[in-house]
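Report on one structure; see the data block that follows.
We call the chains A, B, C and D, going by the order they appear; numbering starts again at 1 in every chain.
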């Protein structure tokens, strides 16, 4: 087998594939629709990695990256550059938007050692913007989460809520105490609190894991429904 | 000594903050008579002048010594960050903005322009990405490296998607093939539809769904009771998995829907774990992450960061 | 066109914590000795690089799924440390990038690390690859690389989304030693399940201080700890006065109202 | 090429998972869903809405979460149409949301002999977030002005007498993101209008505290929530049809965890060290 040239192997595989497709469609095992076939081939090619990394997966991995690049290429043109740059410049005469183009050329000097300062300047400005947004984000994210953490530990309304609030408070404080770095956690209270915090954090993370299972499984069901009911007509015909 | 150094640094930032604020405001407001839409010859002249000005500026900076260039980068970082900080932390209306018609925050109107400018500039940098990808695959094809047919596949997919995506947007009904053999009338839209809905979408959805398989093996391996931590994680995951499906809910469906016993129903326990413990635990993590993010933002903004990008020579 | 703005309380909280962090940075630079506790996952980085070299297989470092952002910059700081180690051992370090700008920065960074360690010949520019700026194509690319190169150690540092488990299970599959760290709370359980060491939450932001022992970063870390203690205090005050029948209830109410955006 | 026992155990697990889910896709089993209290309360809240008030179906989702939010919207709209409750589709978080709601309602209305304009209306997508919602609660016709077809909303019989949030019997917020707080603060907090929440599975933890505090009347959690609602409606929809496959996948994972532990403890009793280090 190994002495056979790769081209010949590929030809034989393709021929066998064509026969299967023809017979499959002829005897109505598969749907006779180009779109469904393409989707099915893509689906199976990706699933093939579950056996092991192989020629087909590698081929479709590259097609996938190519499609994604093409997709970004045209969506950036049609959804960003056309409405936000070309229209203001060409239709509304806002000539100063040309500076956006000039500025972005500074990013292109990454490959040149001599002009690398331009890239640094452009990237530096963007880092400044993201740092600014990071500082703003601190307030906008902290505010609502902090406000929602003020839960009364004793309430006449219902003991259930009171117990929940106490547990909420204990979890919040102990988990926070686990994340102190700048001193050795030697004192028994600190040590105990940090350890309890770590355990409660594990409960929290386990719950997130379990809660995500349903969403992920429904993605699988979606693909299997496609393969078994739409592509394979055997089960699909009701 | 310490106190003096501290005071000097604070003073430098205060002064440069003030100057930066004035510069930011001045650039857009004092120059606003210049930055007006133009038509015809004026438009062409303005574009030409901008390009010349820009190139001149670049040429001047390029001749400056490395230390000055570094200072320019640091200043640009500071001013860029300052914009968002001033916009957000100064109030919407204040007597401080005495020169404004309704004493409104002068930075707020700019925020949309800045947002647009950022997305446009990022849009232009995408071509750098496309270029570097094409370079890698082009080299691979040119050198006939093993597996170069994959690179050809990359180019075919890339070009087809880009071309038909644009075609789809601007003229989807263009007929590509009128009649060849048994193929009848193929439009640009049909080709795009097959590329997008029959290839890109299923590829994405399938890779996403591979997660479900990986989740199974991850659970199989990770939830072994090797320690108290693993046990806690497993028990919580168990309740949350069972609380969502009929099978799990069936186990406790005899318990009443109301009253104290209702809290022992499978779905109630799952929701309780999520709503009380998970919520508190993740919130504690988030608080830490927020402070960490604030610290690194401050270090970058004020040029205090060390390592990586920040200490390279220019 | 109305945007939201911070009120006095929100601005004060940021200002206080910010000033504390800056003060600690400055005093650390002034020569104050500072302590940092052990973070197990980070202590394992050296071992992971060493083992990969023994096996004669390369390392892989992913900086997460976002472009120029504080999390990615932090990831790059860790990448610099790992690339120094890799260069010292003369091993290959593969960095798949999700963003052209990050790709460019990473390329420079790794090249300089190899030069600084005196092994510029061990650096291969093809090992720093731009893959795709889309989530799942990027994941597919990284999965392909991990499998084809049979990497011996993987490092996932930065902000990740659903692809986290795709990457780390593939690493698990080829038997790599894996170390991950992310501030993305929803992805921590998955890294925890499939990596050998996981750096949780803001341990991620402590990583560069831990690895480099740079006074600036250590000082910042102490400042962060004080900041967290202040937030803890705020939680305690808000909770203690939250019960509606207490006379101090107004404190909690006022805090909650003022903390809401636009409040 | 190494083909260790680990290699094959992984493949066997994956094959089992594919079979466990695939089999329930091919073989149709009649699914029964048990109903949780939050879902039941939501159902009862819809039933309780008086005839002179309108239900707001707030479609704050987009195609990415169709599998969860789409099915929830379908179940909730089906309930409104079946019981002849007047409702208005609305959205302000994603431009596509109200359009998606429109498709669902148009598909279902014929079956229950309901008509656009007399039984339901679509207010379309409105920008402005918090400020818009605040203004809307005060003055519905003045804020909405036109429906999705660009006709004045006051021209529809279903809008007769609907002026402010006081004339809204229930708000059904269907969303994958953190939009609930806007309604809680600006509508429930000021007018006391009841709110029902339907969210994706991952967002559910955010909703429980509001439920405990009585700020929302009920909650549908992801796909399971949609299935519970279909069960309450006695209608076998897509969500219910997926439940057998979901159940068997969850059960398989739990079985795997048990098997993993048994193997682990047996290995430990034999004194074999675990193959890999702890995942801490």
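What we mean here is this: a residue touches a chain if its C-beta (ideal position, glycine included) is under 8 Å from a C-beta of that chain, and two chains touch if they have at least 3 such contacts.
Note that this is a predicted model, so its numbers are computed, not measured.
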Checklist entry - What chain sits nearest the middle when you go by CA atom centres? => result A
Checklist entry - Looking at C-alpha means, what's the farthest chain from chain A? => result D
Item to check | Of A-D and B-C, pair with higher C-beta contact tally | outcome: B-C
Item to check | Centre-of-Cα separation between chain C and chain B, whole angstrom | outcome: 16
Checklist outcome for this item: Whole-angstrom distance, CA centroid of chain A to CA centroid of chain D, is 22
Checklist entry - Hey, how far is the Cα centre of chain B from the one of chain D, in Å? => result 27
Next on the checklist: Distance between chain A and chain B based on Cα centroids, please, to the nearest Å.
Outcome noted: 12
Item to check | chain A residues counted as touching two or more neighbouring chains | outcome: 46, 49-50, 58, 61, 64-65, 67-69, 71-72, 107, 110, 116, 123, 126-127, 130-131, 134-135, 138-139, 142, 144, 146, 149, 151, 160, 164, 169, 172-173, 176, 179, 201, 205-206, 208-209, 211-214, 217, 219-220, 222
Next on the checklist: Among all residues of chain B, which ones touch two or more of the remaining chains?
Outcome noted: 88-89, 122, 125-126, 128-129, 133, 203, 207-208, 210-213, 215, 217, 219, 221-223, 229-230, 233-234, 237-238, 241, 244-245, 272, 274-276, 278-279, 282, 285-288, 291, 293-294, 296-298, 300, 309, 312
Checklist entry - Of all residues in chain C, which are in touch with two or more distinct other chains? => result 2, 4, 6, 10-11, 14, 18, 70, 73, 100-101, 104-105, 108, 131-133, 136, 140, 185-186, 188-190, 192-194, 200-202, 206, 221, 224, 228, 231, 260
Next on the checklist: Chain contact topology under the given definition, line, ring, star, complete or other?
Outcome noted: complete
Checklist entry - Which residues of chain B touch chain D in their complex? => result 212-213, 215-217, 219-227, 229-230, 234, 237-238, 241-242, 244-250, 253, 257-258, 262, 265, 267-268, 271-272, 274-276, 278-279
Next on the checklist: List the residues on chain C that touch chain D in their complex, please.
Outcome noted: 2, 40, 173, 186, 192-198, 260, 262
Checklist outcome for this item: Listed in rising order, the residues of chain D that touch chain B in the complex are 10, 13-14, 17-18, 31-38, 40, 201, 204-209, 211-212, 221-222, 224, 227, 243, 246-247, 249-254, 256-257, 259-261, 264, 274, 276, 278-280
Checklist entry - So in the complex, which bits of chain A are touching chain D? => result 50-51, 144, 148, 151, 160-161, 164, 211-215, 217-222, 224-225, 228-229, 235
Item to check | chain A - residues contacting chain C, complex | outcome: 46, 49, 52-53, 57-58, 61, 64-65, 67-69, 71-72, 107, 110-111, 116, 119, 123, 126-127, 130-131, 134-135, 138-140, 142-144, 146-147, 149-156, 169, 172-173, 176-177, 179-185, 201, 205-206, 208-209, 212
